[in-house]
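One chain, chain A, appears in both complexes that follow, with chain B as partner in the first and chain C in the second.
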Partner chain A sequence: MQLKLGRINITDIKFGDKTKVEKGVLYVSKEQVLAAVADERLTSITLELARPGDSVRIMPVKDVIEPRLKVEGSGGVLPGFISKVEMVGSGTTLVLSGAAVVTTGSIVGFQEGIVDMSGPGADYTPFSKTCNLVVVCQAPEGLSQHEHEAAVRVVGYKAAAVIAEAARNAEVDSWEEYQHLNLFEGMQKYPDLPRVAYVYMLQTQGLLHDTYVYGVDAKRILPTLMSPTEMMDGAIVSGNCVSACDKNTTYHHLNNPIIQDLYARHGKDLNFIGVIITNENVTLADKQRSSNFTAKLADMLGLDGAIISQEGFGNPDTDLIMNCTKLEKLGIKTVIVTDEYAGRDGGSQSLADADPLADATVTGGNANEVITLPAMDKVFGSSKSADIIAGGFDGSLAKDGSITVEIQAITGATNELGFNTLTAREI
Partner chain B sequence: MFQVLTNNPKAYNWWLKRENKQVQVVWQEGGFDSVLTAARDLVHLGYRVINHPLSSSIKPNQTPYKTLILAQGTGLDYQSLSVIEAAIAASKKLGVFPGSTQSILEDLQFMDLEMCREIQLQ
Partner chain C sequence: MSKFRVVHYINQYFGQIGGEEKANIPPSCKEGPVGPGMAFKAVLGNEAEIVATIICGDSWFAENLDEAKAKVVEMIAQYKPDLVITGPAFNAGRYGTACGAVAEAVSQELEIPVVSGMYPENPGAEMYRRFALIVETGDNAAAMRKAVPAMGKLALKVLKGEQLGTPKEEGYIPRGIRENYFAPDRGSKRAVDMLVAKLKGEEFHTEYPMPQFDRVDPNPAVADISKAKIGLVTSGGIVPKGNPDHIESSSASKFGKYDLDGIVNLTAETHQTAHGGYDPVYANQDADRVLPVDVMRDLEKEGKIGSLHRYYYATVGNGTSVANAKRYAAEIAQELKNDGVDAVILTST
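Presenting the complex of A and B:
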């Protein structure tokens, strides 16, 4: 499999009569987007713009999606939702790099997910650096939470797909090529390099905690093998936003830095075999079954090593440790990527599960760290939930509009793919 | 035999309506930690935990509700004991739910029910 990614750098976003890219500026036609995303389940959909440096707070953020367009090869982006379920991950895909669609809509009262475009909070989220089309969704009284969630989720994909069309005639700034050899070819080409795979854990526990693979709710899958290039075409998308700091948005799935780093070292000091996706379900039996299948696949692939990334905290710690220990007991070296809930002073036990075999750990930071976010001139969505969001507490929202919260309320703050700047190092 | 241990009125009523003779629905008075403690006592009596006590991303200090399903076994299940003790430790570390409005409490009840209602008991 071979995928070419053509990046079109977006440095600003504006509304215009037509959706197009000109000299790095993404012009968005409100009419065109609103026509494409219309959903009879919702009472209103409004569009706003949020640029880096703006005095804007977006909350509660549901999802963030990078606009991509398949121009050559099998299938289309976001298979199972926007495109049919043809296999993706080969051919040519164009990326509006630096642009994002951010959906916001209050599906449950305690929902969080803050993106500040300026101020101290901006340092804690990667989406303060993107030029964002914010899609604000309002639902009628009485719409079920499941329908509400599905509507807002799909509105985001549709908005991303319609503005991605602007890439079709735009000048490409840079090209990247990703090749994924089959197992036999990979072994022949790199017989002396250690065989390394990526175990990609997806949170799958129900409403606001779900992930989809080619349109399938991933709680219903058994672990399977995927090409890393499939993620770059949106084979995995997010329905997951509660406790926003360590949830993977669709943007994260499209731009997974572990996949990027493994590719960067592929053929140099390791042979990147592929991606084993697995889930994080609610029952212990599911956790056992999925970790058993993950270990079985790793064994069948003859791996020497694996990177394992977690999504979320708490019960996924159990999945993480099961995956790690089962691989280690097969002689496969592992590195786990997680984050921490170590208390506000950082002094408490970081994970809810642990094992001596998990002796190589990368952390995305401590989600209990407290921050005060000053008031912004504009709030897209609603700041009312600041007192009750995860990481918020009584009095979180001050009269002046500032919010004091744990950073777990900030979208992507302690991302467990390493898609942010926080970590901990031994000194 | 299964025991559904809950302090969530929505989950209690939902499981009662299923009228499954294999399932005993037990109301547990108190907060999140009281359900965990009662479940730990059952584990020591030979029950094993079906759903993880920290299921969902809503932390023990962010919701007062918990529904735990346990299956009657014949001896001490060490994995169940390990996860319930770790959950109790995590709950103690994170502190107590500070309270909220009625509509938020109802959303939290709904989310707790969401996390347990599709579990296949077999």
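Presenting the complex of A and C:
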């Protein structure tokens, strides 16, 4: 399997008559996008632009999606939602690199996040650095939370797909190639390198905690094997933003940094043989079954090592530790990637489950750290949810428009794919 | 520029009052430096000075802990110091514990930084490392020559508000406090680097050493459940409609205590969940799904249990630190015990 990614660097975003890319500027036709995303379940959809450095706050943020377009090879991007369910991950895909669609609007649950385009909060979210088309969705009173979530989720994918069309005739700034050999070829080519897989844990706990694989709710999957290139075409998408700091947006799935960094050492220090996806369901039997299947797949693949990334915290700490210990007991060396809930003073134990076998941990930082986000000139969405979103508390929203919250409320702040440089140490 | 003001706490031995036979003397106070304070004077130079020294017998401190802390803090406060130094205590257990207890009281009550010095195995280090920068020293007073410059240097850094390096760089015992910072590399690269090192059998440094997990043995079974008073406690966030105590959807800063008198069934009109970490739809439709009041009332009526306790307790488990959860649990357990509750059903989400 081989995938070529052509990156078109986007440095600015503007509204225009036609959706197109010109000299790094992404022009977005409002009419075109609004026609593509119309959804009768929602009362209104409006579009805004947010650029790096703008005095803009987007909240509550539901999802962030990078526009990509499949121009050659089987299937299309975002299979199961935008494209049919052909296998993806080979051929050629174009990327509007530096652009993103951000969905917001009336709050679905308690859980959506904050993206500040400037100020101290901007340092914590990767989406302060992208040129964002903000899609503001308002839902009618009485729309069920499940329907509301589904509607806004799909609006985001559709908006990304329609603006990705602008890549078709744009000049590509750089090419990347990702090859994925089958198991046998890989072992023949790299007989002396340790075999490494990536165990990709997907959040699957219900409303605003769900992840989809080729359109399938990942709650209903058994752990399975995927090519790392499939993620680059949007085989995995996000339906979750609960405690937004450590939830993977669709943008994260498309740009999984663990996959990128394993590729960087592939053929040199390790033989990256693939991705085992697994879920984080809420019942004990599900946790046991999924971790058993993960360990069984790892064993069948004859792995020497694995990186295990978590999504979320608390309850999934159990899944993380089960996956880690079951692999370690098979003699497979693991590194786990997680984040911490060490309390606002940093003085508490950070995880809800732990085991001495988890001796190699990378952390995305303490999500309980409190930050004050100064008022912004514009708020897309509404800041009224500040007191009730996860990471907020009574009095989070001050009269002057500033918000004091735990960084837990900031989209992507303590990401557990290791997307950021933020981490924590003991002092 | 005026010098920073430092108060020094030492025991009877270093205070040149006497050895074990004087360990029972109550705290006293002397202007200026005493004993090891003289050595600190050289390190602190023109930038800071020890304005007073508090001396207390180790036994007296240990035997009158609360009174000792209160007295020492009161003496320290009157000198309005910018920083307090305790010890160094090396591996002297009672002295280390006193140095730590003073550090705790000073940092909590006066909010003044404390620098201390101990051998890592001194029990005072483990007990009180949260509250002071405890410089790692040798195990006896022969290490004074090295301890004093290290402690003095660190004290000056703190006084001048300089950015501190890692515990290793600064030579102090880690305080068990997690601090965020931006690393040079992103987490995924650090993870791959760590895995490659682990596979090669090379040295690697975990970013979070696993904590000792607190496991609790269950109590023996209730002898006669048909006579027992049963309480309900949940971390599933079930609160009266409107969430009157504003319990947070994540990182709860409190728990609530709510009356069940006359309530036989929780409904969408009366109760909801405040929890932000699970799909709330089904709990909001019928909160009995998380807090089984309806079933408990049935069992009560059928005589299968003695009675349902009048109050239930609720907090939100989502993102709530283990330390806070432990504190709420201790308070709730005490109240339940005082109310004569025999057994508790704990529900999560």
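List of remarks:
Basically, the second predicted complex is superposed on the first by the 419 of 427 C-alpha atoms of A that agree within 3 Å, B and C clash if a C-alpha of one lies under 4 Å from a C-alpha of the other, contacts with A are read in each partner's own complex, and residues count from 1 in each chain.
To be clear about the criterion, contacts are C-beta pairs under 8 Å (C-beta built on N, C-alpha and C of every residue); 3 or more make two chains touch, one makes a residue touch a chain.
Being a predicted model, the structure only gives us computed values, none of them experimental.
When the two complexes are overlaid on chain A, chain B and chain C occupy overlapping space and clash.
Contact comparison for chain A: of chain B and chain C, C touches the greater number of residues. In the superposed model, A:A264 makes contact with chain C only, not with chain B. In the superposition on chain A, contact is made by A:G314 with both chain B and chain C. With both structures placed on the common chain, the touch criterion links A:K287 to chain B but leaves chain C unconnected. Residue contacts after overlaying the shared chain place A:K247 against chain B, while chain C stays out of touching range.
Of the two partner chains placed by the overlay, only chain B lies in contact with A:Q203; chain C stays clear of it.
In the superposition on chain A, A:Q349 contacts both chain B and chain C. Within the superposed three-chain model, A:Y341 lies in touch with chain B and with chain C [touch as defined at top]. Contacts of A:Q145 after superposition on the shared chain: both chain B and chain C are touched. Within chain A, the residues touching chain B in one complex and chain C in the other are 109-110, 145, 205-209, 242-243, 282, 313-315, 341, 343, 348-349, 352-353, 388, 390, 393-394.
Contact residues of chain A toward chain C in the complex are 109-111, 123, 144-146, 194, 196, 205-209, 242-243, 257-258, 260-262, 264-265, 269-270, 282, 304-307, 309, 313-315, 333-335, 337-338, 340-356, 358-369, 387-394, 406-408, 415-427. On the side of chain B, the complex with chain A involves touching residues 48-59, 62, 79-80, 83, 86-87, 89-90, 93-94, 98-101, 103-104, 107-108, 110-111, 114-116, 118-119. Looking at the complex, you find that chain A touches chain B at residues 108-110, 145, 203, 205-209, 242-243, 247, 282-285, 287, 312-315, 317-318, 341, 343, 348-349, 352-353, 388, 390, 393-394. Per the touch definition, chain C reaches chain A in the complex via residues 130, 164, 166-167, 174-192, 194-196, 198-200, 204, 206-208, 210-211, 213, 246, 248-251, 253, 275-281, 317-324, 349.
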